[in-house]
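Chains: A, B, C and D, in written order; residue numbering restarts at 1 for each.
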Amino acid sequence: MKQSTKWIIGVIVAVAVVAIGYFVLKDSSDISAKTIKIGVIAPMTGDLAFMGEGIRDAILIAKENMGNTKNRYEVIFEDDQLDAKMSASAANKLLSVDKVDAFVTFSSVTGNVVAPIAEQNKAVHFGIASDSNVAKGKYNFIHWTPPSEENKVLIAELQRRGIRKLGIFKGNAPGAIAVIDDLKEQLKDTNIEVVTEQVFNSGEKDFRTIIAKSKDSGSEIYLLLAFSPELEILVKQMRETGITTPITSIENFEMSEQLDLFEGEWYVNSADPTADFINKFNTKTDKSPTLGAANAYDIFNLIVAANEKVEGTSKPTSDQVVTELMKITNFSGALGNLSVNEDGIIVSKAAVRIIKDGKPVTVGN
Amino acid sequence: MKIIETKNLVKRFNGVYAIDRLSIGIEKGQITGIVGPNGSGKTTLINLLSGVLKIDSGEIVVDGTEKITRILPHQVFFYGITRTFQNVRLFEQMTVLDNILVVITERNIFSSLFEKHIEYHHKIAEEVLQKVGLWKKKNQLAANLSYGQRKLLEIARALAMKAEVYLFDEPFAGLFPEMRKIVSVIVQELKQKNKTVILIEHDIGLIRELCDYIFVMNEGRLLAEGKPESVLERKEIIEAYFGN
Amino acid sequence: MGILPQLILNSIIAGAIYTLVALSFNLIYSTTKFFNLAHGVMAAIGGYAVFYFSKTLGLDIHIAIVLGVILTGFVGFGVDKFIYLQLRKRKASNMVLLVASLGVMTALQAIIAILFSSRFKTLSGNIDTQKIFTILGGVITQTQLVILLSAVLIMAGFVIFLYKTQFGKTVRAISDDEEVARIIGINTNKIIGYIFFIGSAVTGFTGILIGFDVGIEPTMGLSLLLKGVIASIVGGVGNIYGGVLGAFLLGFVENFGIWKISGEWKDAIAFALLIVFLIFRPRGIMNK
Amino acid sequence: MEYLIHLAILFVIYATLGVSLNLVVGYTGLLSVTHAAFYGIGAYTTAIFLTKSGVGFFSSLVSGIVIVVVISFLVGVVLSKFKGDYYALVTFGFNAIIFAVFLNWQNLTNGSLGVPGISRPELFGINFANNFNFLILALIFFVLVYFASRFIVNSSFGRVLKAIREDETAIAVFGYKTLSFKLVVFIISAAMAAVAGSLFASYITFIDPSSFQLTESMFILAIIILGGLGNLRGSILGALFLILLPEILRFVGFSSDIDAQMRQVVYGIILILLMLYRPQGLIGEYKL
């Protein structure tokens, strides 16, 4: 055992040295009163890494275009691979090592994990998540157009086009489930009927059988709720099997890189991400904004705005920032003009949009 | 009294008869040798008697009463049968002492968790390990023993079971003379205690010296049986053994 | 029932993809006897190689495919030579090789994501270039037809390669018993190296086909591998025909399962099929 | 400091999982890759009891153990027919099926939305919302699990487990019903995993299916293989290493846009190097 005990001691010493070294270094760095630190937790590796990268790019863009401000702002990104225990580790690291004042999280999973931690440590927390439970508590907010808002606009458009039979393809993910449950509720008092509802797990690549299943359901239009890449594959496979029924969605079309797939199709989106945000995103990353990127951009600007509004020269406390946030109405963000309602949800209007020669265009609400 | 009998026992390996309608009777309290060229089914017979292989047809009768057509490895112990293996099968990454203790401690799950008489088991383990001269190496891993020592450990393991019937599969193979002495003393002691020993062996000298009765097998069938002196002189036995 | 022809066609296409993975997995498993988790990543390597050659370097698509397949073969050969071979030399057990292959998978997936970002990419052009065929009421695209053809061709190739060539004989000797094969003078490590080359090349080609049909992403390997493993277990591990049979059975059970139950239970159905076979017929259909 | 306490709690939970899995993999030689499923059932039982009924944390813990014992009994009976690679594969299957149940049994587990708002335990008025107190609670449970495991391992029962690992048929011939020994140790280890699950659910106060996938089982397996199989202290060291490693890598900042992926590359390479140079793990004695 002699040789192996050498191993153990070596490992423990190495771990201790790195940890201590870091803490010592970290503490000596200047925490000037005025630096407001924002910790961003999003998936930088794993299947949804491209969304995490989109969030990061959006926030970096917002920081570059922030202009000069009273306080200094610093952003720290932490990867959580959308795994609950990693999200908790990231949040705790950001709190006690980087001493962040605010959190930005992506996805309902991360949001639900970080919300209680933020509440307990009085740190402002913005979740880019559809699950309104993330907004519970004084310091927790979510920036996601509530499903009821979007469904209202969707139903109005369906009725305007005299559509009776609705087919649904939905991913087995928090966002989609929340939207569909609310939609079914609102459809109760309308003459629109859901004739087929197909569910698939995220990561699915072969939709041909569920497409075949829904083929003779007589749906006049299909509502597709899926992130990319599932969304693009689903539509491609529908076209391949000769389905020409019109398709619509809530938000998902705009996130796709292959907008030509949805040429001429209308859909509901949470207001129109301003053209200038889209081309700012394009210039920096030569990609189109991913899901939640516009939300992240808005959140950063909201945090900065709230902090700037707090009078006095000392560093704003979370309570002061929260009071300022609650007062915000028609703040012009990437997702249209936003206002904060009383249970901490950033409300942005929904609008019907259409993809015309590869560009999302608002049809007017 | 026949402690173990086989009644047209059959074992096939994808069509090839390893044991072909074999009927033999093992006398209680005697040393019975099983002799025959390689591949004559000796080890297969031992594997059938110890439940390691499933019986295809025929039956085994224990103590003249118990008729068995299917026997699982863990049931063999209740018929008082234990064995060693042709190519030694020890618990490699366990100590010599543990290799003995593990086969004599409690078999029921609950009592094995809350072992009450561990000292008694230690005493038996020490006794058998002293007998084979391995007590000094009790804390060594079985994997680190020499080939001869591993053979002796396997025999000690069987002795520790205090069984009725001992199946030894070529226990003398590869041993130095003084180790062979130890094993033959053990086998004779078992006989004095009216235990039954079934010995698979190639060395004719040992057969003559130790066995009271032998069975000669060839291609899964019984070629001859009887006292060693009379059987080993017969022409067809010598031919079967050395001829081809 | 209007849906039946399409359902059967879908099952056949899925079966063909699983066949390709099962064949290459079976080839490598039968000689090395360990579950190589990194096998799936080879599909991603093939796909991304073609993406690099054709989209970034602008080479002609056919040259890109050939280069992609060869490159994947060399990656597989390299992984065996520098990692698995060293482990075999150290008499490592299957579980050690399994964990090492987990390390290889994690590292390779991350390297691809660094080079090409983890965004989903498709190899085929835009939507309308796909020729669509209708066979007995079901619809199938040109790429999927190519997938079916290559599954049949590669299976035939494997059968000829294994049962008709001298090299194939040595491979079967190794899969029966590596020690014996070594004793009678076969340089088993060299042969296993070639097997890794062929197996990885075929998987790379599978990845390329999937790239044209659906698209590629760095993490596409593991789920593809799991389905390939299920197909080869159900059909009978190490048995060429078994792998193919298991693959098509899996394709049919999955698609009919989706039809009867619903989409989100697809993976659970696949594993349930595996468990049923492992309980009642662990040797698989073909193995005696 | 809060961060270190948080890491300590995660470390204790994963050390509990490691020690319990080591009983099955390290001591009995059965490569089980379904530990995360029982971890998940324990977590979901506590989550559902604490959010939907007035039942307290400790009774939810006990009921979690009862449910896991029943399920692990059924799974164990099926598993007892298999060995080596096949055993691992069947456990793969069970993990996938139980994960599918978490994901799709909407009205019980709330599906992919997960279960939020799980309360912290209450006991004699101690405030367990404070992480330090929770750490003490978790440590108490870990110490119980650790000493129970040590008791098992040092008992005659443990000695028989090791004999099953070395040569199952040989020990069977000496009158030991190896199937029931394997079943009992499988159930005990599953019950311990349920304890870890209840602690995790109550600590993080939110759980969703993605924390109990195959990748989680492989992570726990890597802990005990790294730490050393057949050595309980090894599993503790393995948990310490694999929980701290990603955290340390957080401070080692590569250039920002690829740093997360680089960590995965480093993680994969470490696994490979370990298997090459230290397959028995840091302080293990049994080579996989």
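Everything that follows uses one rule, which is that a residue touches a chain if its C-beta (ideal position, glycine included) is under 8 Å from a C-beta of that chain, and two chains touch if they have at least 3 such contacts.
Values in this document were obtained by computation on a predicted structure and should not be read as measured data.
*Asks:* When you average C-alpha coordinates per chain, which one falls nearest the overall C-alpha average? Tell me, please.
*Replies:* Taking the mean of all protein C-alpha atoms as reference, the closest chain is D.
*Asks:* When C-D is set beside A-C, which has more C-beta pairs in contact?
*Replies:* Top pair by contacting C-beta pairs is C-D.
*Asks:* Chain A to chain D: how many Å between their CA centres?
*Replies:* Whole-Å distance between the two chain centres: 32.
*Asks:* Just how far, in Å, is the C-alpha centre of chain C from the one of chain A?
*Replies:* Computed from C-alpha means, the inter-chain centre distance equals 35 Å.
*Asks:* Can you work out the whole-Å distance between the CA centroids of chain B and chain C?
*Replies:* Result: the chain centres lie 49 Å from each other.
*Asks:* Where does chain A touch two or more other chains at once, residue-wise?
*Replies:* 45, 49, 53, 172, 201
*Asks:* What residues in chain C touch two or more of the other chains?
*Replies:* 110, 113, 118, 264, 267, in rising order.
*Asks:* What parts of chain D, by residue number, touch at least two of the other chains?
*Replies:* 103-104, 261, 263-264
*Asks:* Which of the chains touch, listed as pairs?
*Replies:* Contact pairs between chains: A-C, A-D, B-D, C-D.
*Asks:* For chain C, which residues count as touching chain A in their complex?
*Replies:* That would be residues 2-3, 6-7, 10, 13-14, 110, 113, 117-120, 122, 126-127, 130, 132, 139, 141, 210, 214-215, 217, 219-220, 223, 255, 258-259, 262-264, 266-267 of chain C.
*Asks:* Per the contact definition, I'd like the list of chain B residues that touch chain D in the complex.
*Replies:* Touching chain D: residues 50-52, 72-74, 76-78, 82-83, 85, 89-94, 98, 101-103, 105-107, 109, 112-115, 118, 157, 161 of chain B.
*Asks:* Which stretch or stretches of chain C touch chain D in the complex?
*Replies:* Residues 33-35, 83, 86-87, 90, 92-100, 102-111, 113-114, 118, 226, 229, 233, 264-265, 267-268, 271-272, 274-275, 278-279, 282.
*Asks:* Which residues of chain D touch chain C in their complex?
*Replies:* Where chain D meets chain C, its residues are 31, 78, 81-82, 84-86, 88-90, 92-94, 96-97, 100-101, 103-104, 218, 221-222, 225, 258, 261-265, 267-272, 274-276, 279, 287-288.
*Asks:* Which of the residues in chain A come into contact with chain C in the complex?
*Replies:* Answer in residue numbers: 45-47, 49-50, 53, 172, 198-201, 203-210, 212-213, 215-216, 228-229, 232-233, 236, 239-242, 257-258, 260-261, 287.
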